[in-house]
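The following block contains the structure, expressed as structure tokens.
Just so it is clear, A, B, C and D label the chains in written order, and each chain counts residues from 1 on its own.
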Amino acid sequence: MKAALITFPGSNRERDMRMALTKVNNGKPPVDVWHGDSGLPEGIDLIVLPGGFSYGDYLRCGAMAAHSPIMREVKKRAEAGVRVLAVCNGFQIACEAGLLPGVLISNAGLKFICKDVNLRVETTASAFTKKYRKGQTIRVPVAHHDGNYTADADTVKRLEDNDQIAFRYADPLGTVSPETNLNGSVGNIAGIYNAKKTVLGLMPHPEDATDPVCGGLDGMGLFESIAESLS
Amino acid sequence: MKARVHVSLKNGVLDPQGKAIGQALHSLGFSDVAEVRQGKLIELELSGALAKKPKAEIEAAVKDMAQKLLANTVIENYSVELVG
Amino acid sequence: MKARVHVSLKNGVLDPQGKAIGQALHSLGFSDVAEVRQGKLIELELSGALAKKPKAEIEAAVKDMAQKLLANTVIENYSVELVG
Amino acid sequence: MSDVKKAVQYPADLMGLTRDEYDLVLQIMGREPNQVELGIFSVMWSEHCSYKSSKKWLKTLPTKAPWVIQGPGENAGVIDIGDGLAAIFKMESHNHPSFIEPYQGAATGVGGILRDVFTMGARPVANLNALRFGAPDHPKTRHLVSGVVHGIGGYGNCVGVPTVGGEVNFHPSYNGNILVNAMTVGLAKTDKIFYSAAAGLGNPVVYVGSKTGRDGIHGASMASAEFTDDSEEKRPTVQVGDPFTEKLLIEACLELMDTDTIVAIQDMGAAGLTSSSFEMASKGGMGIEIDLDKVPARETGMTPYEFMLSESQERMLIILKPGSEPQAEAIFRKWELDFAVIGHLTDTGRMVLRFNGEQVGDLPIDPLAQASPEYDRPWVKTPPQKPLGRVNHPLPFVEALGKLVGSPDMASRRWIWEQYDYLVRGDTAQVPGGDAAVVRVEDHPKKALAMSVDCTPRYCFADPVEGGKQAVAETWRNITAVGARPLAITDNMNFGNPERPEIMGQFVGAVDGIREACLALDYPVVSGNVSLYNETNGKGILPTPAIGGVGVLDDVARMATLAFKLPGEAILLVGQTNGHLGQSVYLRDICGQEAGPPPPVDLKVERTNGDAVRLLITEGMVSAAHDCADGGLAVALAEMAMASGIGAAVTLPAGDAFEIGFGEDQARYLVTCPAARAEAVIAALEAAGAPVQKLGLTGGDALTFAGLGAISVQALRSAHEGWLPRYMAGEL
């Protein structure tokens, strides 16, 4: 696996992501790429947009970062089929850049939420989740203020019909209900794919659940899936 | 009856959002943008007894809302406009 | 030359902020507020060559800024107004 | 002097200086100061910058230990944590601004303390906060809680530093003066620590960060006519924080620190450019010349006075090695920050200010800095409290417990800390809700930092000396309870008006107690902050010397947590229980009395018991550990049960159940271990000289006190978790 990790001004979970990627890649860290760069190294097979507060989350989360010079190249590579993992602020950037449909608005409770949540794995037919079981619940943390996934009814239907929903907020037994809706997201959606399932965007932080001492290991499945798919 | 409350930062108060938007516009090639300030525009749909009152009274009520909740008068100004 | 860009949520898009403001106004006793929507008002101070162009061209440039950055047209509308 | 005095025409506005202080200004200057110069004296000699009321007493605090690299006097304290690594930390108050504008006040408080820490070369790795609000039913309290918590989260979350711990109290004495104390802990290499003493004749003085605006200038009365055309609009003294710029500033400064270009560096905190430039020059015995036109300005038409006194946020001052300007500038440009060479160092020992080609100020540095007033304010010793008389117990034991865990001061703070990103950077090993926060030392295979902030103001009010001791001891105990070695503290002394002898007496007493505890526990003070005049209409706050402790856990895999781990384990109580009800939360919240002396702190016993518990944790002998603090033994048991969902059946030690269950005797811990190992653990504790008794066993879904009744863990949890969210929702 040859991963590129993009840093925007205000990214702050690139370190967590680097640790997780390094762990599943035989100790080999991802290539760090600065938002102002206009190119990506050759042979990259995974692009990661990490969490944080790019441009302070000012105006709209992810809006300014979506126009960074590097994003043109990211879109080009994504079209060519290179995998993109977009987490939290990365997910917001991916939506603003049009890599994924919909948009993330303020949590329904208008508060930042940092806590462990249960996610139901909606599909394992992807390079990102094949090591999980379909319907399995995993426990990983969230840390966001604007994770309320919003899209029009047609878009949501398309996502559902095409098996593009990656994760939903659930209870520990995998039941998805209004009570387990963390932030007001339509259909409890926590993460989605693009149509080809080469781009995954999600609000929770699997990278913060890859260590037995800090956060547990439930996020490992995602990184192991990626590593296996790309090796 | 609708009321619009425009809330803006007082002069001289740092506007980090505006500053960042300005920089982003520059890097998109809009170099002739000198300064950007971001404010809020809150639109209230009024109903019931209030909506039927004379304009001056409605305006007073909306100003009261702005003063008490919509604006943070330590750092923000507000203005009220009635529409329709 | 100043331009104002008003960015508001499209009809039918949920506005958690507006909803919370509405609830807070009710609990302050302002019961005749039916609906609240919160939008942004971005004020741009224009300078240089752009500021000297004909109004129509300035307006087009500001619309371009709104389209590219200031609004997310998936959920937001915008309108542009030139002042002074 | 008296001749001078007679001839003096005092300006109408002394900008907060007394007439005596103004006389001293005249003596130092040898002439009348101009407006800029007077402004500089005024801020440099303000209580905030000069510590004039507190200096005399702060000097008595112990500040040395073999592991202390830098004690008080720099931007933050530095301790050696082994393996070539240092922990750098400090706590600071932002009380007054937070009362006026809770969001921005708290946010900029976090921003300020972060800069104090990264200016020394540390990567900030943890934030904590100590908050005090007025009575829950005071009309302002809810709004202040909401704003302060949002502000702390808004800033800390954005800059990407985890907020991992804190404490919150409610008390009517804070109705008009809330306390917002923020602490930052950072990590650095011991050979890469940066100081603020300027050096090198001719070296460039560089300004970086955000532009300067007219934020927070306090001379409003004198110069406000010039501040704005719009005289209607009074310029706010509140500063707005820009955490995004701070994040860029952290990264840019740390990047610059990796090069070999910095001579000295200092953040611009209170009194902005004035205090930063003065302090740097004064510490290095240098002079400094500044061209104020070169200072990046956010607004047009700013005056020298405004440039010197502005408290705009997110700015730093750096002395560079000559010739390294281009390299440094490239780094700050990359991070889209301002960079400007605004002056150079001289050997005149004077600060010379120029503006538009004219000299607008010329002051001697050392006399100004060193002659800053020091007061020996009159003080009276706080009289001892009358012994506590007979106490009536209005509620049955378990009912009282249920009520206590859901009372404002004891209820869970989850509603607060879930709004803080306590995980970012991926090293948080113990999240909020435990005794101390634990954050792994990055890239180290085993080591972690343990941190806790504590103070029990009601004890400090009743007896400042015991209260001061207790605050220090409680951080030490909390750090010990996770298995770490406590190493040093930072203090944040929040008091009322020092010109009142009884308030000054509280201060003197608290310092005394802190000193004793630091000495007895080998736990020096390495940094701190004083906030006085927390007073409205002659009513001061409870004396609140908040203490932030830092310790090291040598092997994070051996960290202890407070949750019961399994049913059927033995529960042991370490330490002597006398049933001291004076000043307890039980007495206040259940019996409606704030009375009696606070529990005495025996520092020798503290050390014996703590060292014994830590050893057991380190050896893997115990499965859970928790200190007994507010609420006493019964509440501590309830907290262990609630954290795990496992109940327990216990028999309280002999004596009056209420006194034994809710008394707040110090130096106590609860530990659990597999039942079969209980005898060995007891033997080990006894051998170490720590009293111990077995209380019972974990298990079931209720907490049962033999002969007193039972309460389900579920009921405890709903009371404990319910109060704050319901209060904030306006339901209470």
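By definition in this document, a residue touches a chain if its C-beta (ideal position, glycine included) is under 8 Å from a C-beta of that chain, and two chains touch if they have at least 3 such contacts.
Note that this is a predicted model, so its numbers are computed, not measured.
Shared contact partners of chain B and chain D, listed by label, are A. The interface with the greater count of contacting C-beta pairs, when A-D is set against A-C, is A-D. With centres set at the average Cα position, the gap from chain A to chain B is 34 Å.
Inter-chain centre distance (chain C to chain D, centres taken as mean C-alpha positions): 41 Å.
Distance between chain A and chain C, defined via averaged C-alpha coordinates, is recorded as 29 Å.
Residue positions 242-245, 336 of chain D each touch two or more of the other chains. Chain contacts: chain B has residues 16, 20-21, 24, 28, 38 touching two or more partner chains.
Taken residue by residue, chain A touches two or more other chains at 55-56, 58-59, 63-64, 67, whereas all remaining positions touch fewer. Interface note: chains touch in the pairs A-B, A-C, A-D, B-C, B-D. Those residues of chain A that touch chain D in the shared complex are 9-10, 12-13, 15-16, 19-20, 36, 51-53, 55-58, 111-115, 141, 143, 145, 205, 207-208, 211, 213-215.
The touching residues of chain A, when paired with chain B in their complex, are 55-56, 58-59, 63-64, 67.
By the touch criterion given at the top, residues 100-101, 103-104, 210, 213-215, 227-228, 230, 233, 235-236, 238-245, 298-299, 312-313, 336 of chain D touch chain B in their complex. Chain B meets chain C in the complex at residues 6, 8, 18, 21, 24-25, 28, 30-51, 61, 64-65, 68-70. For chain A in complex with chain C, the residues that touch the partner chain are 59-60, 63-64, 67, 96, 102-103, 105-110, 148, 150-151, 184.
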